[in-house]
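The two complexes that follow have subunit A in common; it is paired with subunit B in the first and with subunit C in the second.
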Partner chain A sequence: MPIVTRPDFLPGLPKWSRKTLFALALLGICFAFAFPVLWLILTSLRPESGVYYVHRGTEFTLSSFAEVLSDERIVGAFLNSALISTLATVFSLLVTVSSGYMLSRFTGPAPRIWFGTIYVFRCVPYISWVLPLYFVTQSWGIYDTYTGLLLPHIAVHICFFSWLMKGFFDGIDPSMEYAAMIDGCTRWGAFIRVAVPSALPAISALAVLCWLFTWNEFLFALILTGNRVPMITVVMAQFVTEMGLRWNLMAATAVMALVPAFLIALFGQKYVIRGLRI
Partner chain B sequence: MAAISLSKLNKHYGSLFHAVKDVDLEIADKEFVALVGPSGCGKSTTLRMIAGLEDITSGDIRIGDRLVNNLPPRDRDIAMVFQNYALYQHMSVYDNLAFGLRNKKTAEAEIKAAIDRAAGMLGLHELLQRKPKQLSGGQQQRVALGRCIVRNPQVFLFDEPLSNLDAKLRAQMRIEIKRLHAAIPTTSVFVTHDQVEAMTLGDRVVIMRDGRVQQIGTPLQVYGKPANKFVAGFIGAPAMNFIDVSVRSAAGVTAVEAEGLRLTVGPADASVLAAHSGRRVILGMRPEHLVLGDGAPGLGFDARVEVVEQLGSEILLETRVGGASVTAARVPAETAVARGDQVRLSAQSGRLHFFDPETELPISR
Partner chain C sequence: MFGEQQRFVLLLIAPAALLLLLFQVVPIVIGANASFRDWALYNPKKTWIGFDHYAAVISDPAFLYVVLPNTFLFMVLSVAGALVAGLMLALLLNRPFRGQKLVQTILLVPLMVAPVVAAIMIRWIFNDQFGIVNVVLEAIGLEGQPWLVQRWSAFGIILLTDIWLWTPWFTLLLLAGLQSLPKEPFEAAAIDGTTTWRVFRFLTLPMLRPVIVVCVVIRAIDAFRTFDIVWTLTGGGPGRSTELFSLYAYVHAFLNLDLGRGSAAAIIGGLIILVIGVVLYRLVDRIAKA
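Showing the complex of A and B:
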């Protein structure tokens, strides 16, 4: 059996200094990633007068959070974003899982055409869909509605995540499904009772990715919604007023928008890592 | 219980690849048949067509008196063991064993009794609550066998079930399968690329090559009377030695000759070879039928030892006779031979095989 050894980090130095340097390097990298977030949190806690000199002064306040939370439009945007993200995840998974399975297990014209279709859509830059989608939602009368935002999101998920799902199913041995078919299942039965449960870690990973994708999405939310269905990413950008930029409010909203994403990433990362490894 | 009948079975993949060609096979009730051949010979495809996992391009498959061509696998009343066990990873061993019966809406008490019986037979009692991932390869394969027997199907299908096991475990599982078949006689089809498995397990052996059946027979028949040169070379380990020889008949004595080799054949072989006098044929000699030293007169030849393989129980000698290479097995382990030695080998009358160089069919009466 081949033995894999990790190459030493800076081999010439004594062990304790190597460890220290390694820790410092890690710390530096973490800091580089965390710094903007820390700055954001700091800004959200400063009074409006203090935002341009965030690092100066010791006055901290939660008034920005109070102001944001008292704004019905922002609270509504939070709920909208959560609702759309959840619905988009549920509906897109229903399609993505079976479409990934089809791409992985079946050959023939139908899977080939389907594969080609989502391939083409993946090749097109994401931004170029927005304008046509705007006209379509207008003409169908679903502009600025839940449906009008949900459908494009589901479509994007299907195109992007069917591939991932195909990869997951490629890693699962099909003979398990054959065994199920011999043991009395239909093709669908084998898929639902054997293939899907085996792919559950991957499906959980995908659910996390889907949810975060929609929660963080800005472009569709900006173009395909107006005043009736505000989304949190859009609302966040609307603190640019004639009176100037309301940095503290923007930061407070952003911090609150981070929380659910952060929690989901925190609890979901186990599945994401396990799922992506399949 | 049921017989299986394949008639004119064909499988095309697209227009280019003809995987299974006109396979005819009758498997009797309770018979154990081994399908063997090199990889890509169509044996697994044939098995998967019996299982219903592959469509049939043409031909008929009957299980019992039912034509099953268009029946889905679940309606064929079969069970299958796969090379990589194919256990349901998310279920416990117990649930794996129960899966098929639950699909048939069997009562839980009855399922428990069936699992108890199978677990006793295969020594699975301690493993029932575990997940497949916590089992060793041999244990997983026993669970896969258990999953088959609890359902009490008409037919067992085995798709190279021992290939993923190490050599020692493979020998154990071979015996276990043999014991199982004796305890629960069920019509079985066993696919393998290992001729030892095929010979030891099969009541009959079916040898396939390039999608065609080469020979069907008992292990003794395919070993003793191979239907062609391919079968002769495939069955038996080490493989049969083939030497191009020419037939000479003079003064009532028939001999076959090659560089460094002249064997006087017995009267039975002589009459077979009479029609080929003066022509070239292929001589086949099994390594285990060559003995060291002078045997019957006229059947000895000199050879130079090139490789000595000491197995403990015997020595396999790789020797060179003229231009062709010959292996002689069944040399006692204590024999003092070394690389480069000149040794005297003798063939045994009546143990020689002759093949037509063009058709590769045996030359026989």
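Showing the complex of A and C:
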């Protein structure tokens, strides 16, 4: 008798109906999660005259995309978002990998205090520090500049990512690092040449998440930028009020904002799924 | 002054600690300072007025009877909704079947969608004149609703958008948790002929509890500060009936141009979530040790 370790889907029903119901359930789930995005893509492909009746008519056009791409402000916002996301990912990993390593490998008052600190600051709502950050960046002369946008985007992930990195390093046996140190490696050598390479899958997962979070971020960009370095999410939100009736353009911009995130996520999917298994 | 090991330990966290200090601690201190002053953006007198702003926020009926209940209701329902949906999906997907990879990829879709984009999508789908939902409703003879300009339907749509965005997180984390559970108890239960419900209730659920609790804590704290989907979907309207705490602080600081009052609201919200966060942390600690 085969041992069933996973409960059957709806036990008690005949096998064929179980299979059909399972397939229908899967179909329903896929529909629920994919439909809004598919509808957005469909809307973006409709000509201006057909946009209000997306479900009817067979004309499709790429003219909305062409119009969006000829708008300098939107293209600029795309480049800004891509640049900030990439830089924020690099720097935030540099900072949090070492911080997570410290939390995982050492005991004593310093790691305990640091862990308490990052837990508390992880709880603080963004609005409580981004609101005054508006003045801080202004008085430091970095408001509405790349620096003024990049540094807060690095700071925001310190707490969560240090915590995740600690979990990843906890899952890696430290004996290799001890062996390296006995063989004459310095602490830094053991960290950079032994621990970091073995945590590379987790670090890749974090890189994907960090890039997506920064690309999708809204509140920081809303408060910390004026006209010089707009981010794509803010430009889109302004669309809703300024071009409230031009849904084809809005959909085209939104679809374009999805594309880089999709590529990054598809490329990084296996890392994220493996990385989440902590 | 420090030994070699202490120097290493401190250097490892130095960059992170410096950034945290400059971009979180310093602003919070400045915000706390502003919350005690008459600090209107158009006329920053910056005179000390004590707890006046706090009193104004706490006695503001909009804050007490709309914003706070909305925030808590949103937090509880969004976490509960995403947890239940995520758990059901994880249980359903926790078996081999054809097309598993495809379903998994589709489930990842909401993770890639920016909340602002999700809000725009949902706004279009629920548009009162041309949205597909009303088109379908009218096609089957029902009446279309102005979804986003009625308080509770607007609130429900915000909630739905949030659950759509976060269910996949729960699914992935819980699925990973399910797959790392030991097989033996389930085999024993199968040999004993235990019913599916009892297996779930007395085996799966207790063994999965640590993962569930961690997911819930992380998500609850994030749900409390939700800003972008509400801002894009309703802007807090109709009236101010769907405002959450982050919006309240933002509106006071940047639309009413009263930084002092906005900062006071932000500090009050921060304190509330800090208390919740510490309580939840204790809970996780107890469950992890039990």
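Everything that follows uses one rule, which is that the second predicted complex is superposed on the first by the 268 of 278 C-alpha atoms of A that agree within 3 Å, B and C clash if a C-alpha of one lies under 4 Å from a C-alpha of the other, contacts with A are read in each partner's own complex, and residues count from 1 in each chain.
Quick note on the criterion: a residue touches a chain if its C-beta (ideal position, glycine included) is under 8 Å from a C-beta of that chain, and two chains touch if they have at least 3 such contacts.
The structure presented is a predicted model; accordingly, all values stated were derived computationally and were not measured.
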item	value
Clash or fit, subunit B versus subunit C on superposed subunit A	fit
Which of subunit B and subunit C A:S162 touches, first, second, both or neither	second
Partner contacting more residues of subunit A (subunit B vs subunit C)	C
Partner chain(s) touched by A:P109 [first = subunit B, second = subunit C, both, neither]	neither
Which superposed partner A:I223 touches (first subunit B, second subunit C, both, neither)	second
Which of subunit B and subunit C A:G28 touches, first, second, both or neither	neither
Contacts of A:G141 with subunit B and subunit C, given as first, second, both or neither	neither
First (subunit B), second (subunit C), both or neither touched by A:W247	second
After the two structures are overlaid on chain A, angle v-u-w for subunit B, subunit A, subunit C in degrees (C-alpha centres, nearest 10)	90
Which superposed partner A:P14 touches (first subunit B, second subunit C, both, neither)	neither
Least Cα gap, in Å, left between subunit B and subunit C after the two complexes are fitted on chain A	10
Residues on subunit B engaged by subunit A in the complex (per definition of touch)	51-53, 72-74, 76, 78-80, 82-84, 86-90, 99-100, 103-104, 147, 151
Residue numbers on subunit A that touch subunit C, as the complex places them	3-9, 11, 22, 25-26, 29-30, 32-34, 36-37, 39-40, 43, 51-55, 94-96, 98-99, 101-102, 106, 108, 110-111, 114, 117-133, 135-136, 151-152, 154-155, 158-159, 162, 187-188, 191, 212, 215-216, 218-219, 222-223, 233, 236-237, 239-240, 247, 250-251, 254, 257-258, 261-262, 264-266, 269, 273, 276-278
Contact footprint of subunit A on subunit C as seen in their complex	4-6, 8-10, 12-13, 15-17, 19-20, 22-28, 30-31, 34, 89, 92, 94-95, 97, 99, 102-118, 120-125, 127, 129-130, 132, 135, 164, 168, 172-173, 176, 179-180, 183, 186-187, 190-191, 196, 199-200, 221, 224-225, 227-228, 231-232, 245-246, 249-250, 253-254, 259, 262-263, 266-267, 269-270, 273-274, 276-277, 281
In the complex, subunit A residues that touch subunit B	173, 175-176, 178-186, 189, 194, 197-198, 200
